[in-house]
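Have a look at this one.
A, B, C and D label the chains in the order they appear, each numbered from 1.
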Amino acid sequence: MSTDAPVHVTRTRSGKPATFLEAIAEALWEEMERDERVFLMGEDIGAYGGAFKVTRGFIERFGASRVIDTPISEGGFTGAAAGAAHMGLRPVVEMQFMDFISPAYDVLTNYVATSLYRGAGPLPLVVRGPVGGGNRGGPFHSQNVEMAFFHTPGLKIVYPSTPADAKGLLKSAIRDDDPVIFEEHKGLYRAPHCRELLPQQDHVVPIGRARTALEGEDLTIVTYGLMVHRSLEAAAELARDRIRVEVIDLRTLLPLDEETIVASVRKTGKLLIVHEDTRTGGIAGEIAMRVNERAFEWLDGPILRVTAIDSPVPFSGELEDFFLPSVADVVTAGRYLSRY
Amino acid sequence: MSRDEIEDLLYQGYQGRRLEEGVRRSGFLQWPEHAVGIDTRSIVISRTMKHAVDGRGDLCCPGPMSPGPALAFGATPLEFLRQLAHRGTSPAAARAGGLSWTDLRRGLIGWDGPPGMMTQVLAGAALAFAQRGENRAALVFESEKALDTGGWHEGLNFAAARRVPIIVVLVASGSAGVGRVRQIEEVARAYGIKAVTIDQDSHAGIFATLRGARRRAALGGGPTLVALEGATDDRWQSHEEFASWALTEGHVTEGELESIRRAAAAGVDHAFARIVKEPGPEPHDALAAVRIGSPPLRPWTRLKSPRPDGVAEAPMEGPSVN
Amino acid sequence: MSTDAPVHVTRTRSGKPATFLEAIAEALWEEMERDERVFLMGEDIGAYGGAFKVTRGFIERFGASRVIDTPISEGGFTGAAAGAAHMGLRPVVEMQFMDFISPAYDVLTNYVATSLYRGAGPLPLVVRGPVGGGNRGGPFHSQNVEMAFFHTPGLKIVYPSTPADAKGLLKSAIRDDDPVIFEEHKGLYRAPHCRELLPQQDHVVPIGRARTALEGEDLTIVTYGLMVHRSLEAAAELARDRIRVEVIDLRTLLPLDEETIVASVRKTGKLLIVHEDTRTGGIAGEIAMRVNERAFEWLDGPILRVTAIDSPVPFSGELEDFFLPSVADVVTAGRYLSRY
Amino acid sequence: MSRDEIEDLLYQGYQGRRLEEGVRRSGFLQWPEHAVGIDTRSIVISRTMKHAVDGRGDLCCPGPMSPGPALAFGATPLEFLRQLAHRGTSPAAARAGGLSWTDLRRGLIGWDGPPGMMTQVLAGAALAFAQRGENRAALVFESEKALDTGGWHEGLNFAAARRVPIIVVLVASGSAGVGRVRQIEEVARAYGIKAVTIDQDSHAGIFATLRGARRRAALGGGPTLVALEGATDDRWQSHEEFASWALTEGHVTEGELESIRRAAAAGVDHAFARIVKEPGPEPHDALAAVRIGSPPLRPWTRLKSPRPDGVAEAPMEGPSVN
């Protein structure tokens, strides 16, 4: 690593705990140093360092041809990234807010996702950016975007919940030959309680494998992203009622780690799915189908879910807090299910 | 410009200025980041349109130029502050943010999302005017960066192809940006429509130019593309300039000017005093009406047992909604 | 009705059975005659009459200002339709193939669906067009688009399976104050077996209510669109094994008619969901969640699904037939579930 | 143009012609509806690029002009017919259709979907060339209607902003269409790039113009926008014209011309004879590799009981996959 690296990519090297955001920055920096084919594209990611300053200092180190400021045209520059990927580069596209992936929906689902299928070869491309609510960003700066893409064969979707996973999974995503949508929850970016020491060596976490964040016997909670932390809080509260909760952090949403989910449900017999995203058409449905297909006989109660309500993300704090799933909601549902 | 129009302009300019000062001082309110603030020229431009309160006037999307155009179209300082403070009384019941909202009776259409989109939407509104043979036109302010978006091109292409009555104002952007087309006149030529650039023009000149563009639009002459330069750098100066022009030209006296200023300020101050006391939104009311086809929020809170044998469950704790 | 109406909108009036496509054309024609605010937009729908000739003869009757040929810019003209709707018109937008709704994803999810929410009032707008496979159209002319929008609060999604429903539901959609995505399966458009006599009077079918296409006691099949017909075929075959299948035709996907589904599952205890759309992230998931939430105790077997496989729609006939769910697949699954 | 280049052009022109005649006669094959057929000028344009078989030459998307440009970039008649006939041996194993497919070794990138998108993709490919300092350029053919799409504008804007080595050919459309910008030179001016219109130009003239555009692009001079007029009306004539020009100018003799024609025809005929015997795709092989993260296809076909008590089920009938 060059000695003039910005401080937010040197935490691990200097043995300090890193925030989620720093972990992302470290992954990008290390991958760019490791592989000259890796380059970045996005709005104001160069001199400005990006809306969340993830890429501060990158243009000084890697130059303007590998840290590319783009016009406001998410569809166009995602298409361009695809072309560069065809030619052997490994683009990492930043959406300033992941909400702005919508104009790229066409090119991502019809072009990028179908490349391998159409015989145009693998298309290594990462689209990453901040997602999620709780920041009073309103309907256009708070969305979770997984369900816009979850139904598209050919894409992978990653949504980490810890700095170590964020770093290790982003490295995997960049090295993966398939296109990967990579969601980073804004509420985790700088959260102090999330800081952690990251492994010193090249830290890679495989895509497609869930993590058991907490082991338990009575009830399985399947969740991801910020909701992993909410669910662990709820589990601690439920533990006081002697309800032993197992918390599965999906980490990768597509492909879904069916094995881990099924194994846990076969053990506990109860399944609660917690997602921050809105309810109808959320990922809970697919999980419910998979569990029906492979663990129905083990179920001792209905599969339930705690989610945001079916609404755009509200602007005002009062409304947003009402809209988002809370720890109390998870506790209530957990108690209900455990008594079932 | 008539005397009434000049007075309105002065009044709305002072309103906007007081609003922005008050927000800055308030400590608890903030302009949305992307707002370029008040450029009095946006009020002048908006005043050239046909205003009404019954939904039969022109239509305006203030975009990044709000609150100027919104004030010109009759939005009140109270509404602004309710919107900014996310009061339950705000135009969108605190669900949506930004400095503009929709009030079709007064011809206001709000937007707080991606650039470019409102050119499409207003093109369609203008289509409706043309289709019904109404003497109405649409006005949309967009950041110059909208030019980078394909959506904007699709909207303008649609407007140009059907020659609908629309005026699209592209506001020059202060920030760096990249890949931006600055040749707005050449863009207009590519689409076969009129273009105007406004920079150091006098307010009276701007007024005359835009009135002309509106008239032509409403008569079936098609869209006009307006490049509004220097909007971020001299956004205050322009109002002072206008006021002193009105003075010099003898449209108002010093005394009249001062009383217009005071009246505008008083209205704004009153609004500030008021919103502090107003309540926030009530979630059930604010969100209930807008969900389509959503099931009850928390199904495990149902009070009756789902078991066929009818064993009753204890009522669940926690909020039970719906 | 004007006397010079084209023949494909006069079947009902002259007492003849109508095809699915004719039913669509009749609904459009009658609504345009009934309400001068209704107008059409789409690619080559004017003089050319549209790719499938649904609007043949319309421009002659209603003129070029109510039958608008658009440039190839699905996002732009959907946005324009929204603006016209704000001003009191009732636009019906044709996607030449529904696959091309992708460029309009941004405006539909972020602008149109949020209008009411943002306080901008109701937005009466219908986006309709042909969907579905089996026509060797390949990946860009065969898609089912429901799951791109099912997760968006503020939209309605209608997907009829019979001419009478197509006509009645399209009329409802046009009269509805909410934006409606209206899917028409190409495989039904001219299918002779689908022809039926339509009610003479103003025929309106309410949005949001499923239809019991077949009553049965042993097993519920929930399905929609072309798959209703495949499921009825399968039910006939299962009846020979004395398996009495109930077939629910959803008709409206959003809002989902949860009551009808739940009531049927409570009766039969077995649920099979059949959809032509691809598997992962398909609508089966949401149905499974709702049934878990409200009828878990009544389930006598796992909720299963028969769907297309997770792939873009293949071009070649061999591959497409393999890709699509078949009657045999439904029979196999039905037999398995009934024996469970 | 060198003698070799002229011969190649004649050969590929005859190939394309024979292909189209054969498809029409075949009774079981069809050109995709949107294909405009062979315009020899598309072969001429494509021949001005750098061809290779190791993935280090220029890159071309034939778009609606295939098979011309594809033949120029080395696609074989056999591949075309396999693709058209959905043979298991076809380039995309019969999964995707259309008249072009991707073969990056030969610099071919296929597309059968919406217009406009490939301008974005090729702009990004050209970005890669520029970034690595390679002497390579990208060539994309689009229907003129791509101009209506926002995606095309975003792609061109990106290409223009970064001055990447790309040539974008807009093929005039025979059909009516609406709202189309015909002023391609003005569009180019708006984006600050070069434009060329090709209409009744000689093949030699086209060759020289495009060679120049390619050279400029590869040297960092940025994109060129090419308007190719009259592509649908005189699509056959142009090849005959070229052949007779080659004759008149003495580049070939009558005998040579005839033997080129015969050689091309023989190759194509051989391909027709061959594909009839080739098998269709095998679903498991064709589709297995391209699904990401899909669970087994038919879970109820599993042979082991899902019951905890381990009661075995009879194996299920029906195909069991995965």
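Assume contacts are C-beta pairs under 8 Å (C-beta built on N, C-alpha and C of every residue); 3 or more make two chains touch, one makes a residue touch a chain.
Here the structure is a predicted model, which means the values were calculated and not measured.
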When C-D and A-D are ranked by contacting C-beta pairs, first place goes to A-D
Chain centres computed over CA atoms; the one at greatest distance from subunit D is chain B
Chain-centre distance (mean CA atoms) for subunit A and subunit B, in whole Å, is 35
Flagged in subunit A as touching 2+ other chains are 70-71, 73, 75-76, 103, 106, 110, 114, 117-118, 139-140, 153-154, 254, 256, 280, 293, 296-297, 302, 304, 310-312
By the touch definition above, subunit B meets two or more other chains at residues 95-96, 113-114, 148-151, 153-154, 157-158, 161-162, 178-180, 290-295, 299-300, 306
Contact graph of the chains (line, ring, star, complete, other): complete
Within their complex, subunit B touches subunit C through residues 59, 91-93, 95-96, 101-102, 104, 109-110, 113-114, 117, 120-131, 138, 150-151, 153-155, 157-158, 161-162, 289-295, 299-300, 306-308
Within the complex, subunit C is touched by subunit D residues 86, 94-98, 112-116, 145-146, 148-151, 176-180, 280-281, 283, 286-287, 290-295, 297-301, 306, 316-318
The subunit B residues in contact with subunit D across the complex are 148-154, 157-158, 160-162, 178-181, 183, 186-187, 189-192
Given the complex, residues on subunit A that touch subunit B span 44, 47-48, 69-73, 75-76, 100, 103, 138-140, 279-280, 302, 304, 306, 309-312, 314-319, 322-323, 328-329, 331-333, 335-337
Given the complex, residues on subunit C that touch subunit A span 75, 99, 102-103, 105-106, 109-110, 113-114, 117-118, 139-140, 147-148, 150-154, 254, 256, 277-278, 280-289, 292-293, 296-297, 299, 301-305, 310-312
